[in-house]
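In the two assemblies presented below, subunit A is common to both, partnered first by subunit B and then by subunit C.
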Partner chain A sequence: MISQSQRITIWTLVWIALLTLSLPTIVVLGASFTSGNIIAFPPDGLSLKWYAKLAMARDLQQAFLRSLVVSLICTAVALPVGTLAGLALSRFRLRYEGAIQVYLLLPFTVPLIGSGIGLMLVFGEWRVLGSLWPVGVACAVINLPFIVWSVSSSAVLLDPDLELAAQSCGAGRVQTFLHVTLPAVMPGVITGSLLMFILAMNEFLVSLLLTDARTVTLPVQIYNSIRSIITPDLAAVSVVFILIALLAIWLLDKLVGLEVFLKSK
Partner chain B sequence: MPETNPDFRYPLRWRIMDMAEAIADFLWPRRLSKYTGWLFIMPALMLVGILVLGLIQIADASLRTLDTATYLPSDNWSLDNFQKALGSSVYFKVAWRSLLGAALTTAITLCFAFPYAYAMVRTQSPKVRKALLIALFLPFFIGQVVRAYGWLILLGNGGMVNDVLGLVGIGPVRLLFNYPAVIFGLVQYMLPFAVLMLAPALTAIPTETEIAAGSLGANWLQTLWHVILPMAKPGLVGAGLVVGTLSLTDFAVPAMLGGGSQDFVANAIYDQFFRTADQGLGAALALLLVAVGSLIVGLVFMVFGAGTLSMGARK
Partner chain C sequence: MNMPAAQPADGERHAAVLVRDVDMDFGNGPLAVQSASFSLEAGRFLTILGPSGSGKTTLLRMIAGFQKPSRGQILIGGKASDAVAPHKRTIGMVFQKLALFPHMTVNENVAFPLKMRRFNPKDIPERVARYLDLVRLGGYGTRRIHELSGGQQQRVAIARALVFEPDLLLLDEPLAALDRKLREEMQLEFRRIQKELGVTTINVTHDQREALVVSDEIIVMDQGRIQQHADPVAMYRKPASPFVANFIGVSSFLKGEVTETGLSVNGFSCAGTLPRNMSLGSVAQGAIRAEQIRISATAADLASCDTTLQGTVTDTIFEGERLLYFVAVPGLATALQIYHHDPLGHAPHDRGAAVTIGWNARDLLIFPPQNM
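Coming up: the complex of A and B.
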């Protein structure tokens, strides 16, 4: 049923999009293997010397570890909070639900620079700036809508009769929650947690605002280095992000299937 | 009670469950059941509350002018910062650049995201679908900084694109640090968001409607215009909204691909806080940006409905 002209038009646009999406990744990957001393793509001969350099670069390693901690804190905070909120919005009748929705969408509608500066002022007031956990909490705040969305879109698919059936078979509230409700929303919880982890890992602007020289995270470190000199070790460390992204995609596909993102609500 | 076997031992799992139930009954008695929804939503309300506190702090800071003698914010409130922000031609220019950039980015992104989402949803081959999904998620999960870094390598004066142009006799062209570079970077950044918001809306359109339109004599452009686009409207609204607001307020792409000459509003706000150290003016600008952003979102919601952004619709 698809005419030739339609096919050509669509696939031309898709290929342009594919190229635009993939080029930076390929370039960074390629440039990291250069044996030259300046960044170049295609690389100037192949070598692993910039990866060897990476093994020595303590500042980059530390920044990576800090990013990891931030992501873990973000996920640990957002996972329970977002799951419960997603359940509340989809399975319970709440008064003023419209207002609550608007309120919970705030992290999404308030521009990141606004949220970042606001959180910076609040954490500054609380005198906690300079430690790492506020960055993790901040990431949880600004990305919260993502996990709420993914949990609630799983939760609406659960037939409420199943919970009633469990209860009429004698299951208490905790048991019903653990054995019926939670397994049903698990795909949403997994998707949401992975998103929270990866978004926190990559979070740049809020990290830039909330970190100082001692708590700088990897994206900020890369940004700062790019502004001075671009050396190939940055490409090598960027490959770490590519690997983490691949791992996350693989996990997401394995655990819930990437196709869930195509499902209509 | 049924007869129990004297050797039967109550399993540990059951005991733990009973204990958990007892604790739940104690902490949250059944008569409070109708408030369980509120119990569940409370942590989220509190977490977002930190952000609300932040907005209040910004509002407070925006009302205090910088005392140039002491470099401290003033004690009394005034609207001077807003007057300064709104009256300045520099900020007008920056605001115009951001708004135009957001509009261009939204239009271009949707033009590419729509066919991408369409191809992904309609393709018969699961392998093609998977490949398109992976190509979408990879840049999405890599983050803005690394992606902008890739463009810096590729588009720089000694980069591959200029090498190729050199082969056909076009001298090195400055591809970076100008407005088109920023728009291009934003489009690339926004594509995954747009496709992921569009795809569910396209899935909801049955193939049969297209076939029906075709059998009634519509060519594919007519089908697209009269059938698919109207039916995909919620997705288009959601995607346009997300792309528009995110690109309007972006910081990293203008900073990295614009090289300081193509600042958007977010960069101007950052500079006020960290370069000029005029917190008040920066806060006023941030508040204006929040207002403009919310206004756009609100208008689109009123005209087109909430699209795909609402959480947990069905009860």
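Coming up: the complex of A and C.
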């Protein structure tokens, strides 16, 4: 049983945590509605004028569209590769298991600037810098471990007899994969894909290294604006970003259920 | 194996399933299956019976072609079991852990083999419904698997294995999760369905009653070895080893020296049936079924018995339609177990009562020492 004092302590901690986590969001949300000309919280009067400005800002919009394209490319590349890699990892005693696990830890060990410069050199060598797809591919390469993890954590829960059962029902390899294996790891695949999408959407450092004036993505565009002046339209952009993240979470809930997502971590 | 197959013996030529000298070595201790050999005629119902860990599932999975034997040969319908790709075999299987498809409904699970085997899509719903009725799950078709009880899930697995009318049906403890009443109903149902469809069936269980009730033939396994292969009546009446006698039915065991008429146990002369070629004076073990020993308060009642002994009731267990007595005879190492059918419903012998017990020579089976 939890005593009264314990309950008070726990709830106090929960509220502090919630507040500190959501404070920046609240501040930026407030700031985006200001009617003044400088970014401030609490807002200096209420208006939607910065959103209106956003609607007119072609450079931001185009950067946003480019980010969208980059995210889609990243997800499209990572989805098949990550799914198969995740399944293979959980299923077979791989010959280079140790090496693969090290690779999966890379995003937490090698600073992004390192991988970013590496990729920049490779793509530069191939003379493909200047188009969008290398940025998408780069995001996929760097973040791949996330989808691999997500899929393989779904796959280890899979009863290996399930595939044998499918075979004894007359399903060949491909049919077994499509009808039984894939649906069983679907929660992991969806979670991983959304993760890849959001990560690519937010990817800054690698984008900075791989883009130029013609291919600049939203995070880089925002960074460029900050360097000149900080105006409230940036707060509005942030709010749009947050909305996209919320949309992703809503999708996740609809598709696999948040419970599954939280458990798969 | 690449060796040319030895010509099958006459009786084996038409076998639906032929297992010859099969070993399975997982490399983690004693062989999971050792020198298993048997053949099964088409249309027969075989039960593999044995305690937990005796290698039943392993043997079944090798027959299904999911595991390759370390040694030996398995022929299904005359063809090597691994000569045909797993999904081209017409073997229906119920897995020990069921392996139902969790993302599909009951209907979809049962329809899956029909779709994969390209049955006419128009016939599928009718056929699925028919087989769900057969396992008494009519009306459950639209449920998801996790919305069913353990026993219902088991019956879905049975329907899924039967629905495409396989040549061979492999069942790994399909009734284990059912309550006794339903299990006994399903056992009879199984027998009926099996006879109706004529499908060759291999069933795995550790329930000796189920083995006796449903099977045409029983194989008893222990520690990876086949102990005996016989029909239920022969298995019960003539167990090949003390292990089998102990595993099927309730038996008491006596250990002593072989005499002309049976065993001499600590000086007591116990009449029994001796196998051929037993040398007098050698140590052997005898087993007698609990229902073959008679018990009475008065020695005169048992005058017709070949052997009578005096003892004391040490325990009485009420089993409903019968009583199980434990009777200690001074000088015998273990108490003898004795069934007593009790139509009047009053236990005639209390704990501590002095009783006479007796049996006939044909009922004490004496085993050659190599089977001890």
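In this text, the second predicted complex is superposed on the first by the 243 of 265 C-alpha atoms of A that agree within 3 Å, B and C clash if a C-alpha of one lies under 4 Å from a C-alpha of the other, contacts with A are read in each partner's own complex, and residues count from 1 in each chain.
In the analysis below, contacts are C-beta pairs under 8 Å (C-beta built on N, C-alpha and C of every residue); 3 or more make two chains touch, one makes a residue touch a chain.
Here the structure is a predicted model, which means the values were calculated and not measured.
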First (subunit B), second (subunit C), both or neither touched by A:Pro80: first
Touching partner for A:Gly130 - first (subunit B), second (subunit C), both, neither: neither
Per-residue touch tally on subunit A - higher for subunit B or for subunit C: B
First, second, both or neither for A:Phe204, with subunit B first and subunit C second: first
Which superposed partner A:Gly172 touches (first subunit B, second subunit C, both, neither): both
First (subunit B), second (subunit C), both or neither touched by A:Gly45: neither
On subunit A, positions contacted by subunit B and by subunit C: 172, 175
Subunit A partner contacts - residues on subunit C that touch it in the complex: 64, 66, 85-89, 91-93, 95, 97, 99-103, 112-113, 116-117, 160-161, 164
Touching residues on subunit B, where the partner in the complex is subunit A: 17, 20-21, 24, 30, 36-38, 40-41, 43-45, 47-48, 50-55, 57-58, 61, 111-113, 115-116, 118-121, 129-130, 132-139, 141-154, 158-160, 187-188, 191-192, 196, 199-201, 203-204, 210-211, 214, 219-220, 245, 248-249, 251-252, 255-256, 265-266, 269-270, 273, 282-283, 286-287, 289-290, 293-294, 297, 308-315
Subunit C partner contacts - residues on subunit A that touch it in the complex: 159, 161-162, 164-172, 175-176, 179-180, 183-184, 186
Subunit A residues within the subunit B interface of the complex: 1-3, 5-6, 9-11, 13-14, 16-18, 20-28, 31, 39-42, 77, 80-82, 84-94, 100-101, 103-115, 117-122, 125, 137, 140-142, 144-145, 148-149, 152-153, 155-156, 172-175, 198, 201-205, 208-209, 219, 222-223, 226, 230, 234-235, 238, 241-242, 244-246, 248-249, 252-253, 258-259, 261-265
